[in-house]
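Each chain gets a letter, A, B and C, in the order it is written, and its residues are counted from 1.
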Amino acid sequence: MGVNLVANYGEAVAMILFVIGFMNLLLQKNLIKKIIGLNIMDSAVYLFLAEKGYISSRTVPIVVNGIQDVEAYINPIPSGLVLTGIVVSVSVSALMLSLTIRLYRRYHTLDLDEISMRLRKEGL
Amino acid sequence: MDFIQNFPFFSIILSMFSGIISSILPGKAAKRLNTAVIFVAGLLSLILLIYLIGTGSSYTYMMGHFPAPWGNEIRAGILEAGMALFFCIIMLLSLFGGRKKLNEEVEEGKHNLYYILMDLMLSSLLALIYTNDLFTAYVFVEINTIAACGLIMIRQNGRTIEAAVRYMIMSLLGSGMLLMGICMLYDLTGHLLMSNISEQVALLAASGEYRIPLLVTIALMSVGLAIKSALFPFHAWLPDAYGYSTVSSAAILSSLVSKGYIFLLIKIIYRVIGFEIFDNSRIIDVLFVFGLMGMIFGSLSAIKENDIRRMIAYSSVAQIGYIYMGIGMGTAAGMAASVFHILSHAATKSLLFIAAIGLTDVSGGSRKFVDLTGAAYRNKWAGVAFTVGSLSMVGVPLFSGFISKLLFAQAAVQNNGKMLPALIVLGISTILNAIYFMKTVIRIYTPANGTGSCVTFRSMKLYAVTLVCFIVLNIILGVSSQPVVDLIEQGLAMFS
Amino acid sequence: MQYIILSILFPIVAGLYLLIRKESENRKTLLLCTGTFLIISAVLVIMALCLAGGGMFTLFNLTDKLPIIFKIDEVSVLFSVMTIIIFLCAGFFSFEYMKHEEKEKRYYGFYLIVLGVLIALCFAGNLITFYLFFEMLTLSSMPLVLHNGSREAIMAGLKYLFYSLCGAYMALFGLYFVERYGNTLTFSAGGVISEQAASAHGGILLLVAFLMLLGFGVKAGMFPMHAWLPAAHPVAPAPASAVLSAVIVKAGVLAIIRVVYYIFGSSFLKGTWVQTTWMILILLTIFMGSMLAYREPVMKKRLAYSTVSQLSYILFGLAVMDAGSVTGGLLHVLCHGFIKAALFLCAGAIIYMTGKTRVEEFRGIGKEMPLLLWCYTIVSLGLIGIPPTGGFVSKWYLAQGALSSGIPVFDWLGPVILLVSALLTAGYLLPVTIKGFFPGADYDYNSLRKKEPSALMTIPVLILTILSVAIGLFPGAVVQYLSQMIEKII
């Protein structure tokens, strides 16, 4: 198994980054750090996809010099998937950040547990 | 190719474009456009359903001129058309029921934003139902998440924003896992279209290579979707989100949003991985156990609640547990029972939320049980509607809840290993449901002294009509359920 | 066929109509309406019994395999006749009694709905129809328990609800298994379990039968699920208590008759551990119920414990599964219904006229209400089992059936416990008579006043008393009718 890991070190790093991002999103108290964790998690997926798309000794999937042979280019689909994913990630991050700003303006803290406690005291 | 076969595509595009157009329309016009779009989408689904019952088989529809496996596809069968029709009906009725509260709680200038989010929600639900491509499903899952977050926080107070943040965090955890699962599956099989993936997965399972990666992929996708649909123990965001948002949002969130993800999970089980392979992996047992635990813990938490809307929200946790128990049984009968329960729960839970808001309004806006004493005498329609909803949840015959429980029990009796825990937990949860629902019904019918205003029919015509429609829907599902169950079974047979 | 549907739907619709219409200024119109509805319902039931014939009638299909069926057979005739007689008597009694309670309209509305649901239960033709109306019965009789809205009443109502729902779920559990392993869910004399199913799945079917007995036994007040009865029956208004104790609990008995003789069949259950355990529980209940009644000072609660005990007499007759004992049990269904209704109505009349609820306060009541107390005495003698009242005939058949049944211990233990319980019954019913007519030397005779209640209250009590004695004097017709039915099921 060690040989496989070393050969696929890109994917292994992607997995480690994914777990780091996941744990941050889940366990951090500070909202900004959670959002950073979210972005790390998504970037890890893009790294994974990019690794998977790459075929050694081939080039970017843009037709140049009229060479239309499939054998000359890497797999173009993961790149498309990554682009879509980036768009999704950007929208979600924007939404989360605006929510954070709202909460900060109201409660002047970025700690989610602190906010919950204050809400319980407010008794809404 | 018949013209009718274009209808799924039309309904998705129509709702998306009306969402875009609503951004420049004022509030009232956006509201009318929204109502029209939901109505049209429902009508198209109805015609499609009738057409599909006539032809008796499902069809795939190419998006653009690229054939499979390079292009994108929509697939429509009886189950999909039926679900789309039902979702449109529930959405329409929920919006009508919560209209007055929406006008009160949201500022004038922001009304069109609400309807934009509704249109996006409708389009993403329809797309999740009809799509045949895995990555498209992911994109629309994200659109659904964003629209749902907007629905929660349209009513601006501290509670809803915090609920929205918690919802987003849990949802994004699920989405991340789902995305990773999809990418790994693409890596293993090389396709994104569901039918092509399942052929490859069958080959892989037969040859036995990549057994562990396949298992990990299935686990990631199932757990990701389970987190998003609030299966125990990932339900912590649910009571706040359903409890404090405006009432039409709460009704739509509880009835439709979680169910969209569950429907996607069923689709993945049937069409991507294949039923036998999913059954062989032990993931299905994990879903079963979590479903059982959700049934019990959701009801226990509901008993402790002092706020009527949070109590109904915890009841949702228990009901989602029922659905996962049905999926976890691993038989076709269990799956049919789960799908029926999706329909029955959507009808009942929206009814309960909308009735509850009527009760709290005549009790000075308070949701605590102490203040709700005697509320049914002040608002008769809401009282009767809440009673009907509670009886359906408890499982009294003549209402849809009884048929769901009957189907679950019949499915359980057929499966030997999981029969006993399923039946025992069904019994315990019925009793627990009875405890908190009947206690509330007795309380709202206990006469109280003095406080609170009375409402007459004249002041709330739309509200009363909505409640009557919901009650009729519930009783139809309860009394003449056999045609619906037959359609579901037919639809599931042609689903894969 | 239509008469069956009419006789069920008419009271329910009438009750709903009463619930929805506005409060009328004039109390007399309300009473007139209710009285008319009651009489029309009774007439419809009698017409249904005479004209409908023995065929099955499917109302609609709940699902493909679960139709809602109605059928009239001998058991239905027995129970429905008893139901309408008691409902009419208690209904007219309540016209006078409810003067001192509030929210009459709600009471009469639910009263009529309960009547409709009970008739439906009597006429139910298969297990799913029965279960449907059984649940409705719990839900529609709960407002009668909760009527006066006090905290005690609400707690009692909730207790009633939970016990009933638990029992109903246990019975539903049984329904799934019967559907799977039995031939059909329709009630058929002699049972629906085929030979091969009995041998292949005998163990689990026995367990299921026991669960169904426990589940329906909740409604029939069998130990250990009787705790709701002494809480719920006293706290309801007196005519509602009469109906609860005399008729609604008989729904549980009807359920057990159907389950034991028409679903599982006595040949399947005879001699099994189910029968033995069931009989132990029953005998325990008989003894315990009488004992607790003997020691209870509040009159209505004493009568409630008495119901617990007497119902188990009926269940004993059913459990022995011998022709004589089943006759005794079914006769006791009729007799106990009339007697207990009369007893509760008497207690209600005493409360209405004097406000006294405890037995020790009833001294001298015979001088104030002689007619009422004579009726009370006669029906008490019936409950104890002294000839020529109806109670004697039923107990005779019970004891005789037990002795000739041939079951090892219970054929003598049963009659012994019946005897002990009869002594205890005398002990808890007769002191009222004795103290009432002979209050003793130190009683203040000057404070006596003639407080005979009005005709509307005394006539129903008289009718019930006469009926209970009539069964004792002329049991032949009833016994012959029952024996035709019993031949088919033993």
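By definition in this document, a contact is a pair of C-beta atoms (placed from the backbone, for glycine too) under 8 Å apart; a residue touches a chain by one contact, two chains touch by 3 or more.
Keep in mind that what you see is a predicted model, and the values were worked out from it rather than measured.
Distances between chain centres, each the mean of the C-alpha atoms, put C farthest from subunit A. Taking the mean of each chain's C-alpha atoms as its centre, the chain lying closest to the overall protein C-alpha centroid is B.
With centres taken as mean Cα positions, subunit B sits 28 Å from subunit A.
Averaged C-alpha coordinates give centres for subunit A and subunit C that are 69 Å from one another.
Each chain gets one centre point, the mean of its Cα atoms, and the points for subunit B and subunit C are 45 Å apart. Put simply, subunit A touches subunit B in their complex at residues 18, 21-22, 25-26, 31, 34, 38, 41-42, 45, 48-49, 52, 77-78, 81, 84-85, 88, 91-92, 95-96, 99-100, 102-103, 106-107, 112, 115-116, 118-119, 122, 124. Within the complex formed with subunit B, the residues of subunit C that make contact are 60-64, 66, 128, 131-132, 135-136, 139, 146, 149, 154, 157-158, 161-162, 165-166, 169-170, 172-173, 176-177, 179-180. Interface residues of subunit B, counted against subunit C in their complex, comprise 391, 394, 396-398, 403, 406, 409-410, 413, 423, 427, 430-431, 434-435, 438-439, 442, 446-447, 479-482, 485.
Only residues 135, 139, 142, 145-146, 149, 153, 157-159, 161-162, 164-166, 168-169, 172-173, 176-177, 179-180, 183-184, 186-187, 192, 244 of subunit B touch subunit A when the two sit together in their complex.
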